[in-house]
Amino acid sequence: MLTPDQLDPTDPEGAIAAAAQRCSNWGRWGADDVLGTLNFLTEDKRVEGAGLVRRGVSFSLSQRFDMDGPQKGWRRRTNPVHTMLDTGTDAERGQGFPHGLGGADDVIAMPLQASTQWDGLGHIFDHGNAWNGRRAGDVVTSAGDSVTGIETVADRIAGRGVLLDVGRAIGTDGELPDGFAVTPAHLRATIEAQGDSARVGRGDLLLVRTGQLTRARRDIAEGRGWGEYAGGPAPGLSFTTADWLHGTEIAGIATDTWGFEVRPNEFDVAFQPLHQVAIPHIGLFLGEMWDLDALAADCAADGRYDFWLTAAPLPVTGAVGAPVNPIAVK
Amino acid sequence: MLTPDQLDPTDPEGAIAAAAQRCSNWGRWGADDVLGTLNFLTEDKRVEGAGLVRRGVSFSLSQRFDMDGPQKGWRRRTNPVHTMLDTGTDAERGQGFPHGLGGADDVIAMPLQASTQWDGLGHIFDHGNAWNGRRAGDVVTSAGDSVTGIETVADRIAGRGVLLDVGRAIGTDGELPDGFAVTPAHLRATIEAQGDSARVGRGDLLLVRTGQLTRARRDIAEGRGWGEYAGGPAPGLSFTTADWLHGTEIAGIATDTWGFEVRPNEFDVAFQPLHQVAIPHIGLFLGEMWDLDALAADCAADGRYDFWLTAAPLPVTGAVGAPVNPIAVK
Amino acid sequence: MLTPDQLDPTDPEGAIAAAAQRCSNWGRWGADDVLGTLNFLTEDKRVEGAGLVRRGVSFSLSQRFDMDGPQKGWRRRTNPVHTMLDTGTDAERGQGFPHGLGGADDVIAMPLQASTQWDGLGHIFDHGNAWNGRRAGDVVTSAGDSVTGIETVADRIAGRGVLLDVGRAIGTDGELPDGFAVTPAHLRATIEAQGDSARVGRGDLLLVRTGQLTRARRDIAEGRGWGEYAGGPAPGLSFTTADWLHGTEIAGIATDTWGFEVRPNEFDVAFQPLHQVAIPHIGLFLGEMWDLDALAADCAADGRYDFWLTAAPLPVTGAVGAPVNPIAVK
Amino acid sequence: MLTPDQLDPTDPEGAIAAAAQRCSNWGRWGADDVLGTLNFLTEDKRVEGAGLVRRGVSFSLSQRFDMDGPQKGWRRRTNPVHTMLDTGTDAERGQGFPHGLGGADDVIAMPLQASTQWDGLGHIFDHGNAWNGRRAGDVVTSAGDSVTGIETVADRIAGRGVLLDVGRAIGTDGELPDGFAVTPAHLRATIEAQGDSARVGRGDLLLVRTGQLTRARRDIAEGRGWGEYAGGPAPGLSFTTADWLHGTEIAGIATDTWGFEVRPNEFDVAFQPLHQVAIPHIGLFLGEMWDLDALAADCAADGRYDFWLTAAPLPVTGAVGAPVNPIAVK
């Protein structure tokens, strides 16, 4: 396993290749597998997760989907455009329905990764290879992901959730600064600080709070806008967590940042190198842009960091990622 | 309360007005309320619901979101159009990223009611009046629903679900024919047939299976396509269930049909008259186009008709309805 | 040159290869060319075309862009969805602007080939080869056509237009039946029947009317809808016109049908074989779904079949086709 | 008629009301009119316009339609999102077509006023009144503009174009500074400077170049981006041109700026006050975001400022504005 001081910043390609070899799950669940680490999320884990509901309080971990989001158009990722097919102003004037009926209806156009989402297994490739050793072009064409489309996991993602509030445990005033790389040591320290309910293991759905979204919201409230939340500097997972992510056998992981991993990345010239190991080689489901603040405040208050989590992506056929409104219940 | 033989088919407007008066919840939760019947879904109900998870088996109750759906363009409701911003075929040829990284990304354009969805409280008006007595034009403009937008219930819809498989209990080979009006008597008979786990009361999320989707799927498999699933004749709730829906104090109700209520409707000239009572007057959340078949088969097998249900709509700001991937766990 | 009775219906691939060899314009205008046959449309042709304006009467040759179009979703080609961002009903109620200002605004989502359009040179490939011998993947990725995008011809398509009303000259009651293959002999006979103003030569923009749109409109008016206008049987250009299209050195050609060439195609198993010669090998611009009826009636009345034609595609960067509102002036 | 020093900056509403009264064309062409000032564009004007084609050189006056445009999301006006349904990278790998055929296809989602466009007569209202005295809500609902939709003028806009290059005639280095109000005196001085080919009268299509787009392009080239081109400070028509616009009886007017009129506007608190007179009262067609630079350079070189102009909007049914690729030919 690699420690941060062992990373050679000039050789991302070598580091990725080595980590990919150490962490590969290719073939682990057969040649036809489309579930990746969701194979770890068994029915037993769901029974365990449901047992964590004590008070019945629920939290939506989703940001809103609207034009006021952080997207700036990079690689054509825009904010959602929501328009109406019929409105109440129309209804007051009459819409031609019988017996006084009126209606409103609406449409949306958006990137599937515009806001809170899961990356599917067809989202990232390593040298043209997709999850489980398939060729990228055999998986995702203009017609979408015909193999690992997000609909293949439509019924899976409900189980035990665990929050690691690294922002609170390690950061200042609950926040890690941009560029802060969360290492395995930070994750272990957070688990230790949070106590037994924060243990992380096979089949868990792990949520890592950095506090960056809290900071972005403060910036917005104070008139500075989203800034570079979408794609700019951010705290996040260190490349050196690859082995930890693989070894813990978690079913999925989500953060409150745009891109899951630390930015700038830890190599001189790189773009999302941890994705390149995590998705095609580990088969790990990554969640991004989740809103963990209300849940984190509750966890800090009652000292319990695990809960029942349902985070079922919208089953868009062939999607390589999908929006989700995750619901945690304690 | 009304029985079907007391309906005057020539006077939907009168019947609606009377039912609206009998069933109104306006003001029940204060002048500012935006939750309607979701007020019945308390934290206690969630604790009760979580206790229903026994085996850990999960079911997605969502249809797929793609071009192969049933929409035909009526009132500009189309099927979702999913396109790619980057693909695996591109990635194999090189996309300009460093260290062998490749990626796929996607966008969608769709009506929010294209497939499995919740109607929001701003979806239907009665003579220009919206839920809780507001004027329709004060609630929903071209900018969306500024009062009862679906995001206001983003964290709410998780609790005890109950399936009434009326298709199996009352129908033939598990299906009700198109035009079959499900009355309170049918609902009560189904509850009785299904036994104690099928009791329906305050705060429950009720799922009513008619079997129409099963039939549509068979039609598709046999080459006949979706037919008139989207907006045509269908089994569904009778107008005479208005008082039952109000009196049971359920938190929400969903069906496996396009439009929740029976079609053709039970009046000579009418369009969705039960909606006109249920949404603006009862404040009831209606789910449509849910896929209840796999869950229903499991319930028939083990004889247990209640379960933990999470059905959190995608929180599109200002939406009058929203797609959802509901997850039932038993 | 090939005559129809020389086509071997069992060997489209061979026929295409032979025609491609005979008709290739690869390299004719240099290795960097992106204009194809629009190179024939010189400034002199524009001067000649402008001289055809005699009465000042103008004709739009565009069908409407809306939900009532012929598209049925095949290969995700839908009809345009037009929605409002602000409306007059909103404006009457007040939109927050000063001094009584009100406004309406709108958006559209549509395939670029939903209605009246030009095919760009990146629209069709032959065995992975695009216009001028480039590899398809070097030209068109998910980011669009980076070489021959329609914007490269934004200022070109204005010149002498000629209508060949084959429907009137050869058909019955002005219409050719579906499946009717228009051969070079039919084109020559039409030119002869129409007289000197119908001569066709280098740099002309040729419009071929089959009458199918007239028939589709009658079907719609009589309640039968669009039928199979989008992609079904149709009159159109015979595969055997490839050499004629090449030899006349026309700048572009458009028809009143969905797909320019006759359907079913003239081979046992084929899909748009003439496209496969015309676009990648001849470099010919094809217009489809044009509305030629009003212009044709005027030409029939005054006996003049040439006119000034402006048909400038909407310059969507990287588009492989683009909507257009062509204007003919006589 | 008003001169700039007679404007009371504290009373836009009064100034608008007075100008509306002086300049109203309501009823001039009958109660059913939907053409407004396009009534001035007669067939004679087209014959005159066509006579201006001397060299056959053509100019596209359209900006590109893509994600790199100036829109910033204000009032949900985004840049166009162009995505592919099929690509060349797919085609190289095989798409399932016979005989080696490959294809690319694309879709777009965009505001109709994202780039170069015409405002339709349903775009702006004055105190809830639309063109010709109709109520705004009777004209434009969520279903679009059912009266003056842009398709009603699909075949009209071809005639004599005149360029007034105010940037060159009055500005410095060809550009007017942001906030510069172009008055009738400036327009007259430009006409005088440009000579006889620049005369403006009944039925003409007038193009006014301020040079702001030239400046924006320089900013982009130098890395500063579009800045506030979409909705920020700009040179443009003074409110005091209302009477001149009315009195000249031009058929339409277009500028190289986002909003046609000077910004900030000439009142203390105002938003597009000249629109409020020009569209609903004069019935004038306004073009915005046109690219006049290449044409202007040619006019400066040969001293001829009039030309044949075709600027036919894409006929989106019910649109209150529409994209256009205007073509000038000299």
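As written, the chain order gives the labels A, B, C and D, with residue 1 at the start of each chain.
To be clear about the criterion, a contact is a pair of C-beta atoms (placed from the backbone, for glycine too) under 8 Å apart; a residue touches a chain by one contact, two chains touch by 3 or more.
Predicted model only: the values in this text are computed from it and were never measured.
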{"item": "Neighbouring chains common to subunit B and subunit C, by label", "value": "A, D"}
{"item": "Between C-D and A-D, the pair joined by more C-beta contacts", "value": "C-D"}
{"item": "Rounded Å distance between subunit C and subunit D, as computed from the means of their C-alpha atoms", "value": "27"}
{"item": "For subunit A paired with subunit D, centre-to-centre distance based on mean C-alpha positions, whole Å", "value": "44"}
{"item": "Residue numbers of subunit A (touch at least two other chains)", "value": "76, 81, 83-87, 89-90, 92-93, 107, 109, 137, 141-142"}
{"item": "Footprint of subunit B on subunit D - complex, ascending", "value": "81, 83-85, 87, 89-90, 92-93, 107, 109, 142"}
{"item": "For the subunit C and subunit D complex, residues of the former touching the latter", "value": "12-13, 16, 42-47, 49-51, 53-60, 62-66, 68, 75-77, 80, 82-89, 91-92, 97-113, 122-128, 130, 135-142, 144-145, 151, 154-156, 158, 267, 269-273, 275-276, 308, 310, 312-321, 323-327, 329"}
